[in-house]
Every structure is written in C-alpha cells, then in structure tokens.
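First the structure, which I've put down as structure tokens, then a few questions once you've had a look.
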Amino acid sequence: MPRELSIAQAVNEGIREEMRRDPNVVLMGEDVGEYGGVFGVTRGLHAEFGGERVRDCPLNEAAIVGFAIGLAISGKPAIAEIEFMDFVTFAMDALVNQAAKLRYCYGGQVDMPLVVRTPVAAQLGFGSQHSQSLEAWFMHVPGLKVVMPSNAYDAKGLIKTAIRDRDPVLFIENVSLYGTKTEVPEDEYTIPFGQAAVRREGDDVTIIALSSMAPLALKAADELARQGIHAEVIDPRTLAPLDMDTIVASVEKTGRAVVVHLAHKTGGVGAEIAQQITERAFDYLDGPVVRVASVDAPVAASGTLEKALYPDQRAIVEACLSFRRADVGGVR
Amino acid sequence: MTLTNQQQITMLRKMWLIRYFEEAAIRLNGEGLYRGSTHPYIAQEATAVGVVAALKPGDKALATYRGHGAYLAMGGDPSRGLAELLGKETGVCKGKGGSMHLSDVSLGFMGSNAIVGAHIPIAGGVALSQQLDGTDNVTVCFFGDGASCEGVFYETCNMAALWNLPLILVVENNEFAISTHVSKAVCVPDISIRAQGFGFPGVTIDGREVDAVYAAATDAVQRARQGGGPTLIEAKTVRWTRHSAVSAGGYGSGSDGEKWRQTDPIPRYQAALVSRGILTDVEVTAIEAEARAAIDDAARFAVNSPAPSLDALTTDMFA
Amino acid sequence: MPRELSIAQAVNEGIREEMRRDPNVVLMGEDVGEYGGVFGVTRGLHAEFGGERVRDCPLNEAAIVGFAIGLAISGKPAIAEIEFMDFVTFAMDALVNQAAKLRYCYGGQVDMPLVVRTPVAAQLGFGSQHSQSLEAWFMHVPGLKVVMPSNAYDAKGLIKTAIRDRDPVLFIENVSLYGTKTEVPEDEYTIPFGQAAVRREGDDVTIIALSSMAPLALKAADELARQGIHAEVIDPRTLAPLDMDTIVASVEKTGRAVVVHLAHKTGGVGAEIAQQITERAFDYLDGPVVRVASVDAPVAASGTLEKALYPDQRAIVEACLSFRRADVGGVR
Amino acid sequence: MTLTNQQQITMLRKMWLIRYFEEAAIRLNGEGLYRGSTHPYIAQEATAVGVVAALKPGDKALATYRGHGAYLAMGGDPSRGLAELLGKETGVCKGKGGSMHLSDVSLGFMGSNAIVGAHIPIAGGVALSQQLDGTDNVTVCFFGDGASCEGVFYETCNMAALWNLPLILVVENNEFAISTHVSKAVCVPDISIRAQGFGFPGVTIDGREVDAVYAAATDAVQRARQGGGPTLIEAKTVRWTRHSAVSAGGYGSGSDGEKWRQTDPIPRYQAALVSRGILTDVEVTAIEAEARAAIDDAARFAVNSPAPSLDALTTDMFA
C-alpha cells in the first residue's frame, strides 16, 4: 500500500530527516516548539530534537530571521518560520538586504544556509492582513531562491533540498493544501530546484499554475478535456530558479499559454512568466499569454467578497477558451 | 475621580455585553456562519471597560484582533459588530474587515488590527495629532504580552517619550501569545519594567479588577492630559478560552480552566457593586439578562443581514 | 527668463506650497529638519514651518511610517521620508498591511492622506544595500499609488498632487536626477496621476522609460535618430495608476516596444508593462516587447562592476536595433 | 586581567593604524579613486581597540558601515582593506562590498553592515551558534546611538536575555546619527539605561579612554563566558569628522572641532604608556611612523591593484 501524507506531514518529515542527518540544523519561529506550529507543521520536532534545536521565539519576525542569518553564517543551517506570509513584512530587511546579499557583498566569504518557511493562508476568511501571497517580491530579489510546492511529494523533496542548500531559500506553503494527501514514498529522495513538473500533457494550451492553483488547473483541464480541449498543465515548483525551458517547450507545442496564480494580478509573477514566454516563444504564440489571478483589491473578510476575489476553476477554463473565442488561430 | 453609581452600572453592563458578544461570536463561528478567526476577549473584559471609563469625548482607542471588547467598551453597536464578524453589508466595516478589524472611527475607536504590534506606532501618530491640535485628549493603545516584543512597540515608546505624547500603552498580559507562555517570550518578570528603559512610568495591575484598571488608567490619563507624556500599564489577566475560535492552545481546559473561571472579573465586580449597595441581586440578574437579550437581537440582526454586493469588491480602496 | 529648478528644489517647493496651503500637513523623517535631508530636499522647511510640523525622527523607519499613518487617519496629511529606498524594508508592514489596506478593511471609514517619499540612490557607488529601486513590490500592492518623476517639472506637480491625495502614495525620487535642472513655472500647477508623458514622438519604436531612464532614453533616441530610427519615448510618471492607454496607442503605431528601468530585470515592472502591452496590442507587435534593466545580481561597490550592472544608453539603443536584427517586420 | 606591556603597545599601534587608514580612506575618496560613502572612525579608535583587546580566538565581532576600526582591531589587513574600499579585485571582499561591508570572516570579523541596526540580530544568531556549540566564546556587536533606536535592537536584547546569550552589545554613542543629536533621538540620558527594561547589565563608559573600554569589555566578556548572558556597554565618544566623507554635518569644524580634537584618544593613551614607563617618547613616535608607513604601503597596494573582471558580476551570488 503506497503511503499518503498531507503537505504538512511531508514538510514535517522532510525537516525531521534533515535534522536527524545534520545535527547543526536549527529550527526557529513562533509557536514551532511543543505546540508544533499554528498549522501543525512542526509537530513532534521539539519532542525529538529538544528546545535547543527547535526554538520557540517571541513575536519578533525581524529578529527571528536576523538570528537565523547569524546561525547560517556561522555554519548552522537555520530554518525560520514566519507564521503567515503577510508577516514577512516585518522581516524584509533581513531577507532582502541581508540573507540575499551578504554572501555577495562579503565576496563569497560566507554561506547562507537559510530556509524561511511561510504559509499563505488565503481563501480561509482571514481577511486583508492574513491572506497575501507575496512571492513576486522575492522573485525580484537576486540572491534568493523561491520555492512553492503544490503537493506532499514535492514539498518533502523540496524542503530537503532547501535545507541542504547553502543559499537562502524562501519556502512558501499554502494552507489550503495542507490537508490534501498525496503519495510519498518511504525511501529518501530530494527534488532539485529549477525543474518544473508537467502534471498533465496536452496539445492545445499550456497552463502554468503555481502552488494551490496547480490542483485547480488540473480540475480545469479535466473540464476542458470534456470539451475536447487538451491542456498541458505545468507546475513550476520553484520560481527562482525558474525552469523556463520546460514551459517554453510546451508553449512551442501548444501555441497558447495561461498563467495562474493566487496573488494579485498586477505585478504578480504571472507577468514575469508571461513575458519570458513571449520573449522566447513569440513566433509560436497564437495570442498573448493570458493571466488568471486575484482581483487587485485587498482581501475582504466577507466570504462573498473573498470568493469573488480569487481565481477559480471557471476562470481558468474561460481563459483557456478565450483563445477560441478570440479566434486567434483556432483550437486544434 | 470617583465613579458615579450610574457609571459603575454601565461598566458592569458593558462587561456582560462583551461576554455575551464573544459567546455569540464563538457560537456563530462554530455554526459556520463565518470563517476566519475570532479571538475572544472573555475573562479580559475588565481591562477595556476599566480603561475606557477613564476616557472622555475626543479620546481615541486602538486595539488588536482581540478587539471586540475595546469596540464595545468604546460604545460600538453590537448589531453592526456581529454583522461585521459575519461579513455582512450592515457590518460596521461593511463586512470587509471582519472580526480582526472591527472599528468605529466615529466613536474614536480607530481600529482593530490583525498584525501584532502594527497598531502601536499608528496609535502614536493618533496621539501626536491630538497633541498638534492642542487638545488635552489622549489615545489608548491596547495590545498583548506577545505584541510587547515587537520592535515597533519599543520604537513607539521612544518616540512617544521624546515627544511627550498623550499615549497610554495598555499591555494586556494574558500570559500567552497563541501557545507561547510569557515567560518564554519576555525576559523580565513584569512587562511594565520595559518602561524603565524609556524613562516613563510603568505600572502593573490586576487586569481582572475593574476598579484597579480604572484607577491606573485615570492616573495615566490625567498625566497625559497635563502634558506628562506616555504611560505603560500592564494589566495582568488570563485568557479564558483558546487563542481563537479556530486554533486550540493546550490550556484553559480541565482543572486549569476551573482555576481561571474562579478569577472571572464579572462576578467579582457584580459582588462589589452589590456590597457597595449600588445594585441588588435582582438588578444584577436583570442587567445580565438585558445584555444577553441585546446580543441575541444583535445576532439575529447579523444573521438576517444581506451579504455585500459584489460591487463592494473594489470600493473603499481609493478615496 | 524661464526659471530652472533641480528635482530636489522642485520637490522642496511643492512640499512648501502644500504646507503653506494646508496647515495640517506634517513632514517626518530622519534628518529632514534643520539639516534639510541627506540630499537637501527638505532644506528650509524646518525654518519656515517649525519643529512641530517638520519633525526629525530617530532611526525608526517602521514607526515613522506607522506614526504618519496615525496622523493620516486623524485627518492630517503626512509626508514621511525613508532616507534611502532600501530602508523601506523596515517599513513594509506599515506601508503594505496598514497604509494600503486600512481604508478598505475599515469599510471606508478612514482616509489615508499619506505620502512616503524615498530616494533611489543607484549608480553612486553605495553598494548592495543602498542602491535598490523597489517599485515593483509596490505596484503589486492594491491600494497604493506609486509615483516616479523624471524631471523637476513633473516632480513638483506630482508631489503636490500626492500631498492632496487622500490615498497613500509612494513617491520615488532618483538621486542621480536631483541635480539636473529643468524649467519650472512660477505659477502653481499640479499634475494628475495616471497620465504618461510622451517625451518625444516617433514612428519606429516605443521606448517606455521610468524615472532616471527617461532622460537616458531620450539620449538613446537621439542616437537612434542619427541612424534614421525614430523612437517614441514615453515616461509613465506614475506606475499606479498606470496610463496604459498612451503606451498602447504608441505601440499600435510603432509595433515595437522597449521597456527600460533601473531595477533588476526579473520581476521588475518591465514585466508587467510588457505583458499589458502584449495583452492589449498583440496583433500590432512585430516582436516581443524587449526589456532593458539591471542584471539580476546584488549591486557591487566596485565601480567597474556597478557600471556593468545597470542599463546604459548603448543597451537601450541595441534593444531598439534588435527588432531590425531579428528581422521581425523590419524597421520602417 | 591586566594587559601586558606588549598588549598595550599593540593597542596603541592599532589605534594609529586606524587613524591613518581613515585618513587614507578620506584622501582616496577625495581624489575620486572610489565613489560611494566612507564613514571615518577617527576619534572613536579607542572603543574598537579596547573591546577587541578583551577577546580571544573564536570570539566574533560585527560592526556597522563605520566599521574600518573594528576590521583593523580584529586584525584585518590594511592593504586588502583599502583595496576593498577602492573596489579592487584584491579587496578583502573582492571589491564587492566596499567601505560599508568590510569584513574578514577568517578573523572572526563577521562583517560590517550598511543597514543601521540590521546586524544586531545577526550578531545574536552568531552568539547563539557559539552557545549551541558549547564554547565559551562571545560575540561583540558594535553599533551607534542611532542604531539603538531601531526595533531590531530591542528585539535582540529581549531574545539575548531570554536565551542568556554570550552577546556584548557595544553602543558607540558619538552623539550623532548623521545630523540628529542623540538628545533628539534617545529619550533617556544614557543609552545603557535601555538594558534595565531587559534585566541585564548596562554600563556607560568613556569610549575615548581605551583602558576604561578594556575594563568594561573584560567584565562583560567574562560574564558572558561564564554563562551570565548579555551586557550593554555604552561607549560615550565623539565623531571627529563629518558623518561620512561625502555628506557634511554642521559640527566638528571651527572651534567645536578644536574642542573635540582635545579629546583625541590617541595622544591620551600615548601619554599614559609613556607615564607608565612602557614606551619612551622616541618609541611612541616610531610607532606612529610605522603605522603611517604601513598605511602608505597599503594605499599603494590598493591603488595599484586591478579592478575585478566582469565575470565577478554574478559570482558569489549563489554557492
């Protein structure tokens, strides 16, 4: 019987294995200790590794990441948790001006084995200050690696790679995915950064979908298939490094691309991915890359408004159908 | 400044209102009538009520996501409050803010905030505005023991002291930040000690004793009105329920829960008012029943209110 | 004789006029008082308006913006200075989670008349932590307005609009432009947000150039003109709101677009502008929009490396010539 | 712990080295040999030199952009230091960091930092690493009066106290943050008072008196080695020159400048060593001349070194 884990369990297991492997790894954050994290991701780690290595911190996002950097440049791989991604706003200097730059501006004298884990808690009714998916900011910061897994298998393989990596990694989890279980082998494995996963093959349109949008895109692809349209679904898995080769190869085949993310549309990573596709595959494109993303407005607490803000399956399907409607080349 | 009988009765009434509002908030959340988080102020009622009793018109207050108590103490309407929790069009923030952003600026309640600590410098700016206007008004900022660790708290202390602002910082030390006990988060036994590093008064009081809260607040407010600058009041209290209606901490249940229930500020104050001859047992019961009925009405109003129309998605973003 | 002012003088004059007009306006920041700001932009304001309204602050970027928000929601238009844009990392919560969102999540109960001014000090040898142009982050935050003037005339008109605006405005100045003088009338004027300026007309290629890149693009256009290529140069002036109509109209005419900014390429606003052009003018495009921007690496202190990192006139010229080389449609 | 004669002579030598290094830094900047900023440590030499004298191998230090003094005190090579300022390939950071990022990790000098306050929590993490390793090593963090206002300073104080870290926080109060006098930025008369809010020792000393600095540092270092946790040392000092070689503040010139020059820590220490019989006047002059010559050599090395090749643009970004 193949074993199934949730993303929360998979990240937990990945961290656990790496902390067993490397006694230098230290985990820090708010409520990560005995409590096991507000979403349960660090459950049991305090019991196994003790309070020295699994450290509950005061509400000090800036200092938490700052301390983790201090550990990292001392040769101790550090995992810092920011409880909700929205709170990374308090740790921006540490991440952007320190973690991403110190190796460079010290001329390579230090390694920066730092993982900052943070959950995006969108679509749960938490409102404007607890729902943001801010990956676009970090994709714009040279020196950072940015990871956004969409399932348990990837989450485990990628968190292990992140912990072993000597560079700073921002590891963005999605709370709405925590519960979904997928198969995770017992045997150890890692997943390299910079390799997109083709989740489904198809000839008609390429859907590039990030994190929680990847499973949604697969559902949309099912729906499209019933209409005779075969979508290829690609999950980039890491935004930095970004595997454009896989994406471009697909678009060269399909001639059409839809980028889907949870974050607000304007200035989101969809723009970057779309533009890179356009730069590299312009002659193959039947029409402009279409973006499916959140409305550009703060997230309201009201369920009605929240629902209207975020992209849904219908929006993805319609984006894929828009090529036909616009009659750009027609759908094969 | 002794309180009139009527003022004391109002305080008791507000405490009950908060208590039943929070029970309704938890119940409605449990029934799935709204999602997201709600952070009950149960067992902490005496703090907001006691502090607000020391204020006068033109004074302002700001609070955290655990801010329903401050909202009601400042005179917030329970109906529009519960409607806000439920994300309804009739909510005090049109359903856009929800539980963590409850606010009624018209009452001087300048807002609850879901980012721990973020409202502390904002409160500093509100106090600065009062000072610039040459009023003798003050601003109160409520926040938790956890929040007292955030850098912005200290930055605000320094600026408020430098500029001698009429700012009352009320740290509600309920011993926990989600799961983290204050002893693992704050390196000094009393958070009020922090004020020493900034050279302004810091006091620790029992936050479940509404009279003590009122006395400390009055003292701080008077000083601030007279240009004496900021005060840090640490109200030691307990968090009776879980951190929020959706996340459970490992405390407050079982025998511990019983211990905490014994420190419930409401029966204590009720007994005090009876022993002072201000209320009879019968009147006390009536006040509770009235509060309960008011909240029942409010809940009905909230449940029956319409959801916002989709137009609201992008309104209120820009002026 | 028309009067010429530097950008520093123009911003100063704009603030001065608005502070005279509205006694509620308060200015706060580090070294903004008697000293007049590290780049001299607030010179003389303390003398005229006094220490109550022109407030020197301790090194507290987070609290400076937080206090300014408190003033703003109390009805006092506040201007907060962040001394270098890189330090906005300490004030991200205030800007992103508070200033941009409070009006919305309080259901419109408050106005947010806040201006955060900040200089980008790139190309001056200040190194990785003092050279960043981070506008892309803020274009991604619904609720913020983002302004990037490229000359003194615009700077004055836009800062006045910003101060009168009831919404939060991030006003990004460029230190390398501070010295350049341009004509500024004595008579009062304001410039509305959301109106791009066509700096030069041309039929062959559209160059969209931000802030300090606008004058550089004009020089590149001169060089191109000598080669018979007529570039239209557009300066968006405000990124949010963004005047895409003007840009799209130009690209429909030229069929070719080059976006130029100082910030790092990946995840920069060039991606957003390029993608919006592609979405709206795909059928007019001879080839993909070309981006000219900084190399994706931290900014080295070494002058040699710094020079190689930033876009220069040659890069803009070459981008415009690339359409010919790629033989996409040919240059008219 | 009394210092040997040799140690005292080394301290004097280092102070001169710093002084001439800074003069060279200013001169080379003036000659246009590098752009950007450089923040002289002139008149503050006694602080870095006195503190570092209390350290042993395995101890670490971090500093600000005004960090050339700490770099040299920790044993940094003046040649590779000046080459770094000039952005040369031979610079200790390959020319990528420049004046504000001077650092030599191999010496335990974990880096200068251009963001005011940012390195304070990083220093906390370095100290945590030492604690986790079970060593008795300590970490010193140098920063300014201005930096002591940043939220991260307080957050670090709290965490360092909670975790009992071997962290020595050395605030160099030179009275100014660019243009802002400390009295307009810090609401208490002594920055060391801040430590009271965190329950650990804070002391104020004359930072121009190398012996006093050494004594305070030794005390703090000993406590930290024995598991006694952090200390805040406020070294009161002056900033002799302008804030940086490129931006001018309105002080330090004219008659005020004369006053400051009279408090120059180097002649003072020189005189002390002569009066203690450790050095003769002739030897003193020789030490100064030697330092000057060493810096002249270093400057020549720096000027004659090649610029980095363009390949370096994207190396050292990732491992």
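Each chain carries a letter (A, B, C and D) given by its place in the written order, and its residues are counted from 1.
As a working rule, a residue touches a chain if its C-beta (ideal position, glycine included) is under 8 Å from a C-beta of that chain, and two chains touch if they have at least 3 such contacts.
What you are looking at is a predicted structure, and each value in this text was computed from that prediction instead of being measured.
Asker: Please identify each chain that touches subunit A as well as subunit B.
Answerer: Expected: C, D.
Asker: Touching subunit C and subunit D alike: which chains?
Answerer: Under the touch definition, subunit C and subunit D have A, B as mutual neighbours.
Asker: What is the chain whose Cα centre is as far as it gets from that of subunit D?
Answerer: It is B.
Asker: Could you work out how far the Cα centre of subunit B sits from that of subunit D, in whole Å?
Answerer: 46
Asker: Go ahead and note the Å separation of the Cα centroids belonging to subunit B and subunit C.
Answerer: From the centre of subunit B to the centre of subunit C is 41 Å.
Asker: Using mean C-alpha positions as chain centres, tell me how far subunit A is from subunit C in Å, no decimals.
Answerer: For subunit A versus subunit C, the centre distance works out to 30 Å.
Asker: Which subunit B residues reach two or more other chains?
Answerer: Those would be 91, 95-98, 101, 113, 115, 149-152, 155, 158, 162, 184-186, 317.
Asker: Mind pulling the residue numbers of subunit A that touch at least two other chains?
Answerer: 57-58, 60, 62-63, 86-87, 89-90, 93, 97, 104-105, 127-129, 142-143, 296-298, 300-301, in rising order.
Asker: Taking the touch definition from the header, please name the shape of the chain graph: line, ring, star, complete or other.
Answerer: The chain contacts form a complete graph, every chain touching every other.
Asker: Contact residues on subunit C for subunit A in the complex?
Answerer: Answer in residue numbers: 62, 86-87, 89-90, 92-93, 96-97, 100-101, 104-105, 127-129, 134, 136-137, 139-143, 240, 263-264, 266-272, 274-275, 278-279, 282, 285, 287-291, 296-298, 300-301.
Asker: Per the contact definition, I'd like the list of subunit B residues that touch subunit A in the complex.
Answerer: Against subunit A, the touching part of subunit B is residues 34-37, 84, 87-88, 91, 95-101, 113-117, 146-147, 149-151, 177-180, 184-186, 247, 249-250, 307-308, 310, 312-314, 317.
Asker: Could you pull out which subunit C residues touch subunit B in their complex?
Answerer: 26, 52-53, 57-58, 60, 62-63, 65-76, 78, 93-94, 97-98, 102-112, 142-143, 145, 165-167
Asker: Could you pull out which subunit C residues touch subunit D in their complex?
Answerer: Residues 30-31, 33-35, 38, 56-63, 86-87, 89-90, 124-130, 295-298, 300-305, 308-309.
Asker: Would you tell me which residues of subunit D are touching subunit A in their complex?
Answerer: 60, 91-98, 101, 103-106, 110-111, 113, 115, 118, 120-130, 132, 151-152, 155-156, 158-159, 162, 315-319
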